[in-house]
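Multiple structures are listed underneath, in structure tokens.
Look for chain A in each of the two complexes below; its partner is chain B in the first and chain C in the second.
The block that comes next holds the complex of A and B.
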């Protein structure tokens, strides 16, 4: 392998795939980025075994030559080091050459780096999945789906399946559900074309990583789903993740259909109130706030015996139904409110010890929270 | 080393594994149990290669899959080893996450956990959770030198394979092949059960000095010629300062005393062959009780050293008692 490449393009690409590299991996080869140079261009792959990012740099972009190829080939190059070297390279082009199958030369201006490489044949054989009927979404829309559901994934490993987001396609509707068994987020997106049914669970961590990658793109994203991988294809980047093995619990019956009390709030104002009230909570403890709902006002309070007490009165925009007193974890409410975009939110209660949901005009999204028993 | 070489060291284990493999009756969890140096981890990796080798039914050790397993680069073969003496919580967490996920590449998943006794009770309980509900096409190999420290609930859920200690002769042969003097080889073979460690010890700078010191101390115990503490001061090796050398000294001294005891009982399985004439000549000077007392003292010193006792006191009290 021997070639010359525009440094800014190369560095950016390496930087993109670099997100998938992990410093802590029991597999030494996964500290490397795999380069595969063909006549069409350079394919870069990095993986921590959970997620894999592939990027392609075409030889020509708009008739402009980015890569001058001397000899095609492939190599496994230490990722972190390569990125450091390229970032500090003070030249428009860098020249890269492999020799003796175990060293790589990086040349620019007056510098000459030689890095030790691993045997590229030992790199995991990560098959890119590709389906005939991918789902196409705007990167914004995908980002929103992830943001609004991933808040509810479980962080503890006691039930590994709950650390992921359940993605299910049924009757051409995409259902995304996450729950840690104390709260639940559900987002449904309908499509007007035929989609094959599937039911998979994608690790929450992978989705968070994807979200970071999506921030920089404005393109359409293609979703390819299979029973052991999910892959997100962008223009030049492919993001692929392993799935969680096992059956996701049935959640459709958990969301109540009838409500005894509905309240409407201005979203931002409610966030501010809950945020203020939550001041009196200790880091790491569960923070139970109470809603005392009266005809003319709602008292939001928090009583933390070691720290103190706070009471704040709010007036919902609209209210309908029987009065209740309910307590729940303030963090869950804050998380749920923060990922919504609409100005007005409706909280729908069913009872003092029954789950309640948060809805907006956007009917596709439901946030559900379980209350705790208060004396 | 190839599968055939392991077959010579652990014939029963290899036969057992090969039979189950050929009859397609592999257990989902194995517990490899045996002394240090019995090649448990190596054979566990060999087992993984057996399932993955491109030449079906053997281990070629040269195909891509075998190479990747040797270099810990195979995505479906995960080896967990203690990090600084213990298996850390994060490692167990990582393992749990791996268990929960789908495969990166096709094929069976193999999890190898070395020194599973170096894991907290909590961690072993979470391991228990997934060996209780084994997934299809997933094999777990647990390895330990200390089966008594393993939760009975883990043992009952795994197939236990006992690894035989490596015959001393095998170690001596291995050392001789590496140009170690046969006399030193036989001593080093008794210090450890691990081929590589034995070779390392034999190649150590001071090991000959330690052996010489044992000889002089031994001779003086027999003929009560000189004060032992004075002897130490003239020695080439400073066992006061170097704990490792002290540990060797105690172990080799034990061998020497055991040899004396064997001679009293006319047993001819002697390690210190060169010393035979001298020992025989002076044997009548030492009572049986004194020999047993000395062995007992040495054993106590060995334990005290493990508990990080004060080395100066330990050596002085040991030598005074040995006289």
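The block that comes next holds the complex of A and C.
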């Protein structure tokens, strides 16, 4: 393998696939990026065995030559170090050559790096799934769905199925749900074209990595599914994740339909207040904030006998219903408010010990929080 | 104690004194800032018992009122939390009031914080030293002296005296030296006015904190000395540190006076090269780089059998003397190059296993590095 490549294109691609690299792995080869250079271009693969990312760099893009190929071939190159070297490369092109099947040369300007490589034949054969009828989504839309639901996945492994987001399609409606059993995020999107019915659970960690990749993508994304895998195909990048095994709990009945009290707030103002109130929690105070809702004002407070307390007076833009006093984890509210986009949010309460929901004009999304009993 | 204060002025002062706060301390009271409000203004004190920082906020600055005093008094307030609250305060003024001698109220706009406080009478009585004949230095100059020498203080406590910078004044010349016995930084500044003779060792950690304070100061700094303390007085801030006990080793004979080889480099270009070569050290490779000096080029390289190697070819701007091959810690060279200001640097070698020095047009500063034997 011997070639010359445009450094900015190569660095960006290595940076993309690097997201799948293991830092801790029983298989040292998974710290490597697999390079496979054909006449058509460079195929890059990285995997931690849960997530696999592949990227292709075509030899030519729009008649412009990105890779000057001397000799095709493949190699398993230490991914983190390669990325650091490329980032410091002060030249438009880098020259890369494999030699003795165990060293890779990286040349630019007056610099000459030689990195030890593992045997590329040890690299596991990772199959990418592909179906004839992929589901096509807009990348921005997919990114928003992930961002707005993944906040509620469980971080503890007590119930492994809850560490994922449940993605269902029924009657051309996409339902996405995540819950750690203290809060829940639900997003429902209708499509005006035919979609196959599915019901899968994708690990939250995988979706967080996918979200970072999607930020730079403006293309359509194709979803391919198998029994235990999901694959997201973009123009030159494929992101594949294993699915979680098991049945996701039925959550639709958890979301209340009738409410005793509704309050409207300016979203950013409410974020600022909850953010200030949460200051005390950093010093180890409880993270339970209370809303004391009166006719003319709402008192938001947090009380920690060891550290101190904070009291904020807020005035909802609108309010209707019976007055209550309710306590819950301030982080859940902050997380939920931060992934919304709309200026105005409505909090809909059912009762002092019943779940409440946060809604905006965008009816596709529901954020639900379970309160805790307060004295 | 009850007062109202301009929040930006108060926040900046709390931020300044906070640098002296202990995070880990056997004395919980040292996590507090001592506030003492008199009619003249607010005196703030923080200390970790090695470093003490005091700042004064006058009630009036240039006829403008910063503090509206209702009641003078004092308090010991949790410093970190106070700073975080002030930073999030969305108002021009904050109102502060002590009550029941153990709570402090912080009010602004619709927010009302109450922080638990310790008994201010428990706060240790920290004496600030003061002499009739302080030494007056320009703060920029002092900052530069610290920055350029403190890089070489020892980080290990094997020889505690080496964790400090030796500051000497003899015959109106200020000599500052730091060495961890592998490298050495020496700065000599002559003054055209009378200075008292001194010979002290100031902890490197104290000087690093002082440096951060000095960055925002354009004033003169007064040095006050006692047997075991040094105090740096700025306009409204006093920074005091204990001194290290013991005799600093004599270092003047360590710096070679005659050289077998001199090389001139563009400083930034050399930094870039050494920075790239050092990439491999992050992955656990040796940090010994080699200079192979030839007539027409210098090969800078780092070789680590487990990880790989890197070879860079550089061309000195000028070179004179006999050709050598020398190896040393790449971090020492990077540290030394980065605290210089001049565009051009000269490396003066004595021999392959003898110390070499880095100089610029600014003859007041010498950076010395000890090489290691290479095969």
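As a convention for this text, the second predicted complex is superposed on the first by the 337 of 375 C-alpha atoms of A that agree within 3 Å, B and C clash if a C-alpha of one lies under 4 Å from a C-alpha of the other, contacts with A are read in each partner's own complex, and residues count from 1 in each chain.
Keep this in mind: a contact is a pair of C-beta atoms (placed from the backbone, for glycine too) under 8 Å apart; a residue touches a chain by one contact, two chains touch by 3 or more.
Computed from a predicted structure; not experimentally measured.
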Original post:
Once the shared chain is lined up, is A:101 touching chain B (first), chain C (second), both, or neither of them?
Top reply: neither
Subject >> Which of chain B and chain C A:125 touches, first, second, both or neither >> reply: first
**OP:** Go through the superposed model and pick first if A:313 touches only chain B, second if only chain C, both, or neither.
**Re:** second
Original post:
Touching A:235, do we find chain B (first), chain C (second), both, or neither?
Top reply: neither
**OP:** Name the contact category of A:283: first (chain B only), second (chain C only), both, or neither.
**Re:** second
**OP:** Figure out whether A:90 sits in contact with chain B (first) or chain C (second), or with both, or with neither.
**Re:** second
**OP:** For A:157, decide between first (touching chain B), second (touching chain C), both and neither.
**Re:** first
Original post:
Residue overlap on chain A between the chain B contact set and the chain C contact set?
Top reply: none
Subject >> chain A partner contacts - residues on chain C that touch it in the complex >> reply: 78, 80-81, 84-85, 88, 90, 103, 110-116, 272-273, 275-276, 279-280, 282-283, 306-314
Original post:
Inside the complex, what are the residues of chain A that reach chain B?
Top reply: 26-30, 47, 49-50, 118-119, 121-127, 157, 160-161, 163, 203, 227-229, 242-246
Subject >> chain B residues touching chain A - in the complex, by the definition given at the top >> reply: 64, 67-68, 71-75, 78-80, 93-94, 96-97, 99-105, 135
